[in-house]
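One chain, chain A, links the two complexes that follow: it is found with chain B in the first and with chain C in the second.
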Partner chain A sequence: MTVNGPTIAFLILASLILSAAVYIVTTRNIMHAVFVHLLALSSVSGIYILLYAQFIAAMQVLIYAGAVTTMVLFALMLVKPKAGMEIALDNQQKGMAFATAGVFLSVLLVVLVPKVWATSQEKLTPLTVAKFGKILFTKYVLPFEMISVLLLVALIGVLVLASKEEE
Partner chain B sequence: MGKEFIYIIPEILILTTATIVLSLDIFLPRERKSLLAYVSIAGLWLAAFLSAGLIGERVSILADMFVIDSFGIILKIVILIAASMAALLAIEFLKESNKYGEYYFLLLSSVLGMMIVTGSSNLIAVFLGIQLTSVPLYIMAGFARTDVKSNEAALKYFLLGVLTAAVTLYGMSLIYGMTGTLNLAEIATKLEHTNLNDPVLFIGMTFVVSGFTFKIAAVPFHFWAPDTYEGAPTPVTAFIAAVPKMAGFAALVRLVFTAFPEFTGQWVGLFGLAATMTMITGNILAIPQKNIKRMLAFSGIAHVGYALISLAVSNQHALSGLVFYMIAYAAMNLGAFAIVIAVGRVSPENQIEDFAGLGSRSPLLAGAMTILLLSMLGFPLTAGFMAKFLVFASAVEKGYVWLAVIGVANSVISLYYYIGVVRQMYMVPPKTEKPVPIPVTIGAVVLTSVVVTMVIGIFPEYFIQLARLVFLVNASF
Partner chain C sequence: MIPLNYFVIFSAILFSIGMYGVLARRNAILLLLSVELMLNAVNVNFVAFSRYITPHTIVGLMYTIFAMASGAAEIGVGLAIIVTIYRGKQTLNVDEIDMLKW
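Showing the complex of A and B:
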């Protein structure tokens, strides 16, 4: 790994995302978790910029950092947790979970760290909106349409699960 | 581009039916909403007929995202017909909540997901297809909102489903990193020049396979099945038990035959082990069950084990055997769950004891249940026997006698709990004399599945011919 600007930027972003993720699952304050989640999501958009995908980075900020975080805050407001409400984060299976996750992590580290990945020699060019739109409606038209159905399913699903029971 | 759309007309039709159901729901008066069920069933049958018209075609469409071949088409037809049976079963259940529109929209969306999985030739399409299959199922499992068990069923299914989705995606990203492509056929081409012993490839493959085996509830990814089957409303259980497994198997078959044909020699290790563990776990844990839905859940796990033998063998014969098994499995399970629904209307606890004396209370239902249970057991002259016979025979033919022996031994174990139900029905005096009324819709499903089970068992030639047609685009056997 050569040390240059993008590498340093990647390392900073990656450590931000990971530490934010660890904080989210360990904190007992759900409001803190939401705001640190915002940090993690914004850092992910930084990674997209490193990959020359500016459009996706902008969408990441708009949709995830903007809309999704706001939605989570709304949901929290509706279920009215007490300010700084503490929630139990573990149960009897804590030890087992740690052991499994530990084995998982060490296997991945042992296998993935020494791996030399084949990389493309082509120079990376920015993914423009025009290119993105074109590829979305030609090569990826099937996945694109499927996602729209999936979102409709999610919408109806929320209505089914959250609507008031009719009398 | 224009001509390609001919091949996905069945999929487009299902999507159209789903949106029609959703919009019609707004305009229909409250007491007429059960009409939506029949609209959905008509759509499903029409799509099945249109799919049948495509038999014989072999093409790859939509920028190689989707393939049309006889394997995909036959499974699609079975999925559509089985889904129409499951749709019929829900009509009585929905009378209470009157949420016909939502229910049938979700059911049709899930079916659309399964149809796409059966033909996907790209990892992204497979992944999205599985999500489109699963997300409606999570919601349907929690459809009885005031029932704590139904909530538990939905939550467990959802959490484990999301976990496996993440694992699958991670595995796919590793495969993409190794090969630089998500297209199944291209993965195979790229791997010809790669070191197949690379542990990264092995981990990527194992993660993806694990994600798919979750859908079919194979051991060790079966933990959701008993709780979800028990807690979900029984018509939903019937759907979850019988239909999505075909999509899960289709995804596995595409992966094994199209993307990793180089590994054919090694599948016997991975899938042979999975098949053995799944058969043994399913059968042993089915024995102590008191709840009929839990018992059928473990019996379903055992059946997945038998069917997995065909993936361990992984040749053309085994593939035909698998398709045959899926047809028989769907018929037997839909019928059995239909009877559970009928009995559950009188005794809602769904205990095996509730079947006591059914032989005198409702001789027709008891007779049908006996036939279906014998078929699950693998009794000659039933569909279950032919299905097991074809799968075990393909194993013996390939030289994996041990797999066939384990399969037969497990069928003997299953005798205990299947006959347990038959004993309750005919030899134990009834706890209640209440007769079991059979609504027309449920009776129709029971009758159809018994007839299918018997016809396949007595005249298997035609169905074997059909299964022999099975052919995959982009696969080398």
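Showing the complex of A and C:
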């Protein structure tokens, strides 16, 4: 095991994200879950910075930490159950769920831990946004347009769904 | 340099935690949050493999950008559906949202 700055930073970030994730799937307070979700998603952008993918890190903060969490908070405030209405957040199949996730994780770990990847030996250098934009708008311009159409359809769909009249 | 396996194992654990959340929670919004955790685990994997194995092409990063965009669309539509269901049924419990079973 190599002990250096980036590795220590990665371990700190990873333990932060994993404990936040465990909190999200176990807490009994849904508001706390959303705010801890914000913490976890912002820390994932730290992981991207460790991978020298600054543009992805910025996108992570903008889209996930900014837009998605704000939207979930808004929806939560709008549909907040009436006071005194206590609902259980877990269902009865907690044991089965834990067993399924545990088996899945152990299979993954058995396969992945001894695996040696054919990594490139070069040192990682930051990707410039200019290079990123150039490739996005030349080689990947068709998927880019399609994702724009998808977002437009989602936008219209959300408006139609959420503004439905009460019968 | 951080070994690639650290990232892979980290995202495997994060994905499994999200999977547990999806299976064990019954509040629809918490289900969405758990799905977001799984999506993030996948994205970390994409970026890590892309940066470590082919540092000069950015295919994995492109994939991450598109996954993020469709994730944003997914959570928007999901929340709109949840709000609509809550208006009609006054509940967010996915065990009680079973109108399509009949």
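By definition in this document, the second predicted complex is superposed on the first by the 157 of 167 C-alpha atoms of A that agree within 3 Å, B and C clash if a C-alpha of one lies under 4 Å from a C-alpha of the other, contacts with A are read in each partner's own complex, and residues count from 1 in each chain.
The rule we apply is simple: a residue touches a chain if its C-beta (ideal position, glycine included) is under 8 Å from a C-beta of that chain, and two chains touch if they have at least 3 such contacts.
As the structure is a prediction and not an experimental result, all values here were calculated from the model.
Peer 1: Using the touch criterion from the header, give the chain among chain B and chain C with more contacted residues in chain A.
Peer 2: C
Peer 1: Per the contact definition in the header, classify A:I156: touching chain B only (first), chain C only (second), both, or neither.
Peer 2: The first partner, chain B, only.
Peer 1: Between chain B and chain C, whom does A:P126 touch in the aligned arrangement: first, second, both, or neither?
Peer 2: Touch partners of A:P126: none, neither chain B nor chain C.
Peer 1: A:V141 in the overlay: touching chain B, chain C, both, or neither? Say first, second, both or neither.
Peer 2: In the superposed model, A:V141 contacts chain B only, not chain C.
Peer 1: Can A:P6 be said to touch chain B (first), chain C (second), both, or neither?
Peer 2: A:P6: touches chain C, not chain B.
Peer 1: Between chain B (first) and chain C (second), which, if any, makes contact with A:L105: first, second, both or neither?
Peer 2: A:L105 sits against chain C, while chain B stays out of touch.
Peer 1: Enumerate the residues of chain A that count as touching chain B in its complex and touching chain C in the other.
Peer 2: 108, 112, 115, 117-118, 120, 140, 143, 147, 150, 153-154, 157, 161, 166.
Peer 1: If you look only at chain C, which of its residues touch chain A in the complex?
Peer 2: Contact set of chain C toward chain A: 1-10, 12-21, 23-27, 29-30, 32-34, 36-37, 40, 43-44, 47-48, 51-55, 58, 61-62, 64-66, 68-77, 79-84, 86-87, 91-95.
Peer 1: Which bits of chain A are touching chain B when the two form their complex?
Peer 2: Interface residues on the chain A side: 107-108, 111-112, 115, 117-118, 120, 138-143, 146-147, 149-150, 152-154, 156-157, 159-161, 165-166.
Peer 1: Which residues of chain A touch chain C in the complex?
Peer 2: Spelled out, the residues of chain A in touch with chain C are 2, 6-7, 10-11, 14, 17-18, 21-22, 24-25, 30, 33-34, 37, 40-41, 44, 47-48, 50-53, 55-56, 59-60, 63-64, 67-68, 71-72, 75-76, 78-79, 81, 87-91, 93-94, 96-98, 100-102, 104-105, 108-109, 112-113, 115, 117-120, 122-125, 127, 131-132, 135-136, 140, 143, 147, 150-151, 153-155, 157-158, 161-162, 164, 166.
Peer 1: Would you mind writing out the residues of chain B in touch with chain A in their complex?
Peer 2: Counting only chain B, the residues touching chain A are 15, 22, 62-63, 65-66, 97-99, 102, 105-106, 109, 112-113, 116, 124-125, 128-129, 131-132, 135-136, 138-139, 142-143, 145-146, 177-178, 180, 198-200, 203.
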